[in-house]
Amino acid sequence: MNNTAEKLILFALRLITYAIVLVIGYILFDIIRNGAPALNWQFISGFPRRSGAAGGIFPAIVGTLSLVVGTIAVSLPLGIGGAIYLAEYAEQDKFNTLIRLAIVTLAGVPSIVFGLFGLGIFVLFCGFGPSILAGSLTLACMVLPTIIVASEESLRAVPKGFRDASLALGATKWEMIRTNILPYSMSGMITGSILGIGRAAGETAPILLTVAAFFLPRLPHSIFDQVMALPYHLYILATQHPEADRIRHMQYGTALVLLLLVLGLSLGAILIRTHFRKKFRW
Amino acid sequence: MSEKRDMSRSRKLFITDKLMRLLLVGAASTSVLVVCLIFLFLFREAGPFALNPGLGKLLDSQWIPVSFQEEHFGVGPLLAGSALVTALAMLVTVPISVLVSIYIAEIAHPTEREFLKPFIEILASIPSVVLGFFGLLVVAPLIKTTFGLSTGLTALTGALLLSLMAIPTIISLSEDALVSVPYALKNASLALGASHLQTIFRVTLPAALPGIVAAVMLGIGRVIGETMAVLMVTGNSAILTASPLSSVRTMTATIAAEMGEVPFGSVHYQALFWIGIILLVITFFLNIIAQRVLKKYGMMK
Amino acid sequence: MVEQSLYPNYPKDLEMVITTNQVNFFYGLTQALFDISLLIPAKHVTALIGPSGCGKSTFLRCLNRMNDTIPHSRVEGEISINRKDIYAPGTDVVELRKEVGMVFQKSNPFPKSIFDNVAYGPRIHGEKNPKRLAEIVEQSLQQSAIWDEVKDRLHANAMGLSGGQQQRLCIARALAVGPKILLMDEPASALDPKSTTRIEDLIGELRTNYTIVIVTHNMQQAARVSDYTAFFYEGRLIECDATPKIFTNPRQKQTEDYITGRFG
C-alpha cells in the first residue's frame, strides 16, 4: 500500500464518520428549527383542543413525567437490589448463570413485545386496565436490564480494599455494603439508571397498548388513570390525525419537547455523575 | 446488662444481614421471573389460536385479518417485510458502523474521540417516534423525488431510519471490540514494518471480528424489534415483495397498528400475539448466539 | 503449656493466645495450607515469613476468618483464640473481628474524613455518643503515632494523606475497635523507607499492649520488629522459633537457605 492510497483511505474513513455526525446534526437541527417557533407557554402549559390540532400538550407532558416517575419507583429498587446481589453476593453457580441469561434475554426483547406482555399481564390479567400503573410496570420490566448492568458496573468500581477493611473491622456484610459500598456507588447507579429510563420515556410501543390515551384533555387523578403521553401524542398527530398536513408546527413542537425531555434527563444524569466523580476519588 | 444489650444487638444485626440478603436475592430473581412471565403470558393470550383455527393458519400466504369473506392470518408476508427491511438496514449499517468504529477507535485524535463518542450516543437517545417523524417529513419526500415514486413510504425509507437507530449500538460495541485488542499485537505488527492502516485491516480488525459479529447480531435483534419508525414510514401494505422501493409491513408495525382495534380474545388478537412470540423467539436466539460468540472468544466484559 | 519439644527456645511461662492445630486450607480443589500447627504468644510480635505464595497471608487471613469471603474455600483443623474455637458453629464473626483487627498490604482508608475513618468501627458496633467517639478517635490516632500530624484536619478527606500516613490511619482505625490482637499483612511493603521505619517503630510501641502477627517478605524487617518468627514454605510451616534463633541458627536446612537468600 503506498502513501497516497493510505492517505485516501484515511480521508474516506474520516469522511464517513463526519457524514454520520452531519446527519445527526441535521436531525437535531431540523427538529429544533421547526419546533422552536411552536414552543411557548401556551403550548407547554395548555390543554389540547380539536383532537390536538390546537392548544397545548400539557396533559401529555404530565403523562410522560408520571410514567417516568412510576418507572423509576418500580425499577430502581429492583434493579439496584439485583445488581447488589450480583456484585456482592453471587457465586459462580447455576443461579447466577440463570440470572445473567435472564438479563441478556430481557435486554433483547423488542419493545412491542413488552407492550403485548404488559397488555396481557397488567392491563387484563391484573385488571389494572390501561393506566399509569400498567404502563409504568411495563416500562420498568423493559429498563430493568439496563439498570442492573449500569449499577453492577458502578458497584464493581469500588475498590476491594474497602470491602476487606470494613469486614475486618467487624461489619456484617450488609453493614459493609450500606456504609462503605453504596455511598460511593449510588451516584453511578442512579446516573446509569436514569440514562436507561430517559430512553424509556421516549418509547411508544410499550405504552401504546398499556396506558396511552388518544385524546384526554385532563390530568390524571390516580395511578389507575389513563394518560396521554408525548411519544404517542406525536405518533397520533403525525400519522393518524385528519389534519396531519396542516398541524406540522404542533407535531414539531411535540417532537422538540419530547427530545428535550429525553436529552435533558440524560444530560442531567451525566452532570450528576461528573459532580459525584469529583467528590469521591480513590 | 451491657452484655445482654450487646447480645440482642448482634442478634439484630445478624437478622438484618440475612433479611437483606433474602431481599436482594428476591430483587435479582425478578429478571428471571419477568422472562418467565413474558413467555407465559404471550402463550396464554395466543394459546387458543392453536386449537381454533389452528397453527397451520399462520402459514397462509396472505395477512388479511379483517374481511367479510375469509380472514387470512399468514405471517409470511410480515416476516418477509421484516426480513427485507432488516436486511436493507444492515446492508447500510454494517459497513458504515464498522468503518466509523475503526476511525473512532484507531485513528481519531483523543480529543476528537471525546467529542465523537457522546455525539453519536445522542443518536441512540433520540426517541424512535421522533426519528420516525423525521423520516416521514424529510426522508420519505427525499426518496419519493429521488426515485420518482408516487409515495416515499417504502421499505428503503424504513431501512434508512432503522440503520440510524442501529448505527450507534453497533459502533459502540465494535469500538469496544477494537479497543480490547491487545497493544502487543498491534505493536508487533507495526514493528514488522506494517503501516498503521495495514495493521488495522490485517491485525486489529480480524482480532476484533468476533466482537464485531456479536455487535451486528445484537444490532439485527434491535432492528427487527423496532416498531415506531417502521410503522410510520414503510407504508404498511402486507404484500410479499423483494423490492426496496415498494411499501411493506413488518411484524412489529402490524402488532402496533392493529392491536388497538381488535376485540380482546378474538382470533385476530391471538394471531397478533403469535407474531409477538415469533419476534421474541427470533430476538432470543440472536441474543444467545451473540453472547456465545462473545464468550467463546473471551470478549465478555 | 508451651510444648517444649516444638518450641525449645520459648520461655516456659509464655501465654499463648492463638493456637492452631493441623490447619488445612483449600481454594476450591487447590490445597494452600498443610497441617499448620502454630502457637502465637500474647503481647509479642510474631512474624510470618517465606517466599511469595507460601501461604503466610492465607494463614493470616484464617485467623480472623477473612477467608470466609472467598467462594469455595474451606478450612480444616482447629484454630482457637483464647481457647475458643473460632470456626466452631455459632461463632459470631463480628465479635471475632472486633477482637482481632487487621491491617492490609495496601493502605485502604475509606474516602471519608479522617475522623469518620477511625470512628467507623466504633459506630458500626453501636457507639453513638459523640464525646465518647471523639475520645476513641483521639486515643487511637495517638496510639498509632499520627495524632500530631492530623489533629488540625480531622475532618479532611483521608485520601489526601500520604501513603505512610494512610497506613498509620488504617492502624488507628483498626485499634479504635479495641482489639487484643492485630494482624498485619505486609503493612509496609508499599511504603518508602522513611514511612516504613515509622510503621516499624509503631509496631515496637504497640507490642506492649497487643498481640501482633505480621506477614512480611522483608527478612530484615522480620528481624527488626518481631520476637518470634515462623517460616512458611509451599503451604507448610517449616520452623517456628525465637527470632534471633531463626536468623542465626535455624534448625531446618530450608529455613537457612531462605534467610541466607539462596532462594525466595
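First chain written, first letter: the chains are A, B and C, and each begins at residue 1.
To be clear about the criterion, a contact is a pair of C-beta atoms (placed from the backbone, for glycine too) under 8 Å apart; a residue touches a chain by one contact, two chains touch by 3 or more.
Since this is a predicted model, take the numbers as computed values, not measurements.
S.K.: Compute per-chain Cα centres, compare each with the mean of all protein Cα atoms, and return the closest chain.
M.R.: A
S.K.: Among the chains, which has its CA centre at the largest distance from chain A's?
M.R.: Using the mean of the C-alpha atoms as each chain's centre, the farthest one from chain A is C.
S.K.: Max contacts between which two chains?
M.R.: Maximum number of inter-chain contact pairs occurs for A-B.
S.K.: Using the average of all C-alpha atoms in each chain as its centre, how far is it in Å between chain A and chain B?
M.R.: 16
S.K.: When the centre of a chain is set as the mean of its C-alpha atoms, what distance in Å lies between chain B and chain C?
M.R.: Whole-Å distance between the two chain centres: 54.
S.K.: Can you compute the centre-to-centre distance for chain A and chain C, using the mean CA position of each chain? Integer Å is fine.
M.R.: Here the centre of chain C sits 49 Å away from the centre of chain A.
S.K.: For chain B, what residues touch not just one other chain but two or more?
M.R.: Residues 13-14 of chain B touch two or more partner chains.
S.K.: Name the residues of chain C that each touch 2 or more other chains.
M.R.: 94-95
S.K.: Give me the residue numbers in chain A that touch at least two other chains, ranges are fine.
M.R.: In chain A, the residues touching two or more other chains are 172, 175.
S.K.: Write out the stretch or stretches of chain C touching chain B in their complex.
M.R.: 92, 94-95, 126
S.K.: Show me the residue ranges of chain B that touch chain C in the complex, using the header's touch definition.
M.R.: The touching residues are 6, 9-10, 13-14.
S.K.: Which of the residues in chain A come into contact with chain C in the complex?
M.R.: Listed in rising order, the residues of chain A that touch chain C are 91-92, 159, 161-172, 175, 179-180, 184, 280-282.
S.K.: Okay, in this complex, where on chain A does chain B touch?
M.R.: Going by the criterion above, the answer is residues 1, 6, 9-10, 12-14, 16-17, 20-21, 23-24, 27-28, 30-31, 77-82, 84-86, 88-90, 98-99, 102-117, 119-121, 124-125, 141, 144-145, 148, 172-175, 177, 195, 198-199, 201-205, 208-209, 231-232, 234-235, 238-239, 248, 251, 255, 258-259, 262-263, 266.
S.K.: Tell me, which parts of chain B touch chain A in their complex?
M.R.: 13-14, 16-17, 20-21, 23-32, 34-35, 37-38, 41-42, 44-45, 96, 99-100, 102-104, 107-108, 116, 119-120, 122-134, 136-138, 164, 167, 195-198, 218, 221-222, 224-228, 231-232, 252, 255-256, 259-260, 264, 272-273, 276, 279-280, 283-284, 286-288, 291
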